[in-house]
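I have a structure here, written as structure tokens, and I will follow up with some questions on it.
By letter and in written order, the chains are A, B and C; residue numbering begins at 1 in each of them.
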Amino acid sequence: MNDKVNNNVMNFPSEHMENVRILEALLFAASEPLDAESLKARLPKGVNLNKLLNIVKAHYENRGVNLIKTGNKWSFKTAVDLSPMMKKEKIVQRKLSKAATETLAIIAYHQPVTRAEVEDIRGVHFSPGTLDLLMELNWVRPIGRKKVPGRPIIYGTTERFLEYFQLEQVSDLPGLEELKAAGLLESRLPPNLDIREPVEIDQSQIEPFGEDENIEDLIQSGHEAE
Amino acid sequence: MNDKVNNNVMNFPSEHMENVRILEALLFAASEPLDAESLKARLPKGVNLNKLLNIVKAHYENRGVNLIKTGNKWSFKTAVDLSPMMKKEKIVQRKLSKAATETLAIIAYHQPVTRAEVEDIRGVHFSPGTLDLLMELNWVRPIGRKKVPGRPIIYGTTERFLEYFQLEQVSDLPGLEELKAAGLLESRLPPNLDIREPVEIDQSQIEPFGEDENIEDLIQSGHEAE
Amino acid sequence: MEDISVTYDTTNDPVGSSQDDLIVNLEGFEGPLDLLLTLAKSQKVDLMKISILQLTEQYLEFIAKVRDKNLELAADYLVMAAWMAYLKSNLLIPREETGEELSAEEMAERLKFQLKKLEAIRLVSEKLMKLPKLGNDFFNRGMPEGIRLIRTPEYYLNLYDLLKSYADQRYRVAYSSMTIEKPPVFAMEDALIRLQRMIGDVPDWTRLEQFLPTEFSKGKSARSGVAGTLAAAMELVREGVLEVQQLVPFGPVFFKNKKDDSFLN
């Protein structure tokens, strides 16, 4: 295999090969399409840029990635015939919002908790959809009802949450001393700082959902008893 | 020229060519390294992924862009030897402090390791923010708790760390073999002070989160079920 | 092994330089172990073969010089000095082994090993940082087109951000709930309402203290009660419904209903 590939490489006139490599790397790493001027500025002086571009273009012609000219700028793009399968589910990754991150953290550290308890701990009300999003991501789930008047729904983290953050168990999350040692908390702490040592959920404190209860409905309609 | 290039393409067994193209496109389009499971999910069923990856790797071996394996993930990167030509793309990077560099090295070479062990080797307490910074860079993460009183958190390096230094695995760290051979990775002084054969990390002393690969499998299967 | 044990004395530390230079650089040391390592390397032999006795002398001499110059010395340097002095005396006068405590020789060997270990980490951390680095020597795709892979959720979050978020949020809440605890104040507005309601029933001179609400009549909060009530009283005097009298400086203050007074007269 290596022999074959090396032969391919050797198909380029050797004096061009090094410049071709540089051109490939530049176009690959560039954060925007590059015009001839930008390319020339980064290549050794006196190169025949058009010739190099043609070599690269030809090399990638039938591959999964092509060299494309748009306007007077050059860039690599995935091959057009493959782009439907790339594009179909092309998505922009978004970082979880601050509110959702905080809510998730509080549920993880203080679980099992009710919605009202999370709001109390956070000191602000939920924006609608925060909990929905966390449940959609399958990081948080309703695990039953609290054995108190009103029987509010209580929430906890999921297996998926542990897998995503590569934790074996909830109690592996760092506690106060460890957060402090890791520099995540300032060394001078207010006396009333309330940091939980995260613990596994004690199932005896929880009343499981009834068989006739449709959890999805309860959550979506917001009819949980608070 | 075109003939020549087409011949190159034809050098691949034709039954692989379409899959090679898809693989190239996936790896080019991805914003981060991809593991085998992610790639398989996008390729026709029953493909021999390793064979395809080897074909692509060999094809790019001497080009400006290379196929790189870090951890158990694959990505294209510009060739390291072109570094001098890529000056303009360089990202200005914060230089790590001596404390942070040493802490990173101790965690990388001695992992899994507790904070106390790092402090013991350096002979000083953590300066606030050292671990914080390494975790923020996503080079270091808590990977479990040690099975000793107090169950201290143990730290290890991340896949991002491997990607950053272009290491396929932790055992590729420079000088690791020498350290082992000199008995310097032992947490305790050898009783008779003879230089001993390297002792593998005693896994029974650790409450593991599981080998990375296993975790990846879990994630994969868990997600597919959704 | 050879590599590790040989390379240390080829490093370019200020080993050859005098102790005065080292003293100036005290700030640059990462604790006593770092200082010991630098001193040990000046012996120019394998770290496992250094003379601990000599190293002890070097360290104690160094600490003495620093203290002569009245430079600030962190406590752990002094702890180490005390330990080194203890080690030295034990090395000079070997004692009977108790079986429980480490012998002086063992302690010395342990120290050598610790120094060697630190030195080894220094060496490998240099090697590590010399590796090609992402974003510096090699690069990722600059314009990833993005694909959704089955395992990739639309939202992402890393463990660091999760932990940081929790720590920050807890910290913030702890501080905000502290600032909420303002000292209670008997506002003039409240005092006015109270005084207006009460004054109709007091035709005779009555001490100010009688008008204080119970929660502002004792301890520190009484000050606020008196101030608020007095301010309210002044307002009522201005409106012509109240008379205020104080017979001696700092003496008790008396209030009286003015309307009733004028009726009687």
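Quick note on the criterion: a contact is a pair of C-beta atoms (placed from the backbone, for glycine too) under 8 Å apart; a residue touches a chain by one contact, two chains touch by 3 or more.
Just so it is clear, the model here is predicted, and its values are computed rather than measured.
Steps from chain A to chain B, taking the shortest chain of touch contacts, total 1. Of the two chain pairs considered here, A-C and B-C, the higher C-beta contact count falls to B-C. Relative to the C-alpha centre of chain A, the farthest chain centre belongs to C. If you average the CA atoms of chain A and of chain B, the two centres end up 18 Å from each other.
Between the Cα centres of chain B and chain C there is a gap of 36 Å. Residue numbers of chain C whose C-beta contacts span two or more other chains: 139-142, 145-147, 152, 159, 163-164. Counting partner chains per residue, chain A shows two or more touched chains at residues 25, 28-30, 76, 78, 86, 93, 166-167, 174, 182, 184, 186. Chain B meets chain C in the complex at residues 26, 28-31, 34, 37-38, 41-42, 75-80, 82-83, 86, 89-91, 93, 96, 98-99, 101-102, 104-106, 108-109, 121-124, 135-136, 138, 141-142, 163-167, 173-176, 178-179, 181-182, 184, 189-190, 193, 195, 219-220, 223-224. Considering their complex, residues 1-2, 4-9, 11, 20-26, 28-29, 31, 42, 54-55, 58-59, 61-65, 76, 78-79, 82, 85-86, 88-89, 115, 126, 128-133, 135, 141-145, 152-153, 207-210, 215, 218-219, 222-223, 226 of chain B touch chain A. Those residues of chain C that touch chain A in the complex are listed here as 139-143, 145-148, 152-157, 159, 161-167, 169-171, 173-178. Contacts from chain C toward chain B in the complex involve residues 1, 3-5, 30-34, 76, 109-110, 113-114, 116-118, 120-125, 127-142, 144-147, 149-152, 158-160, 163-164.
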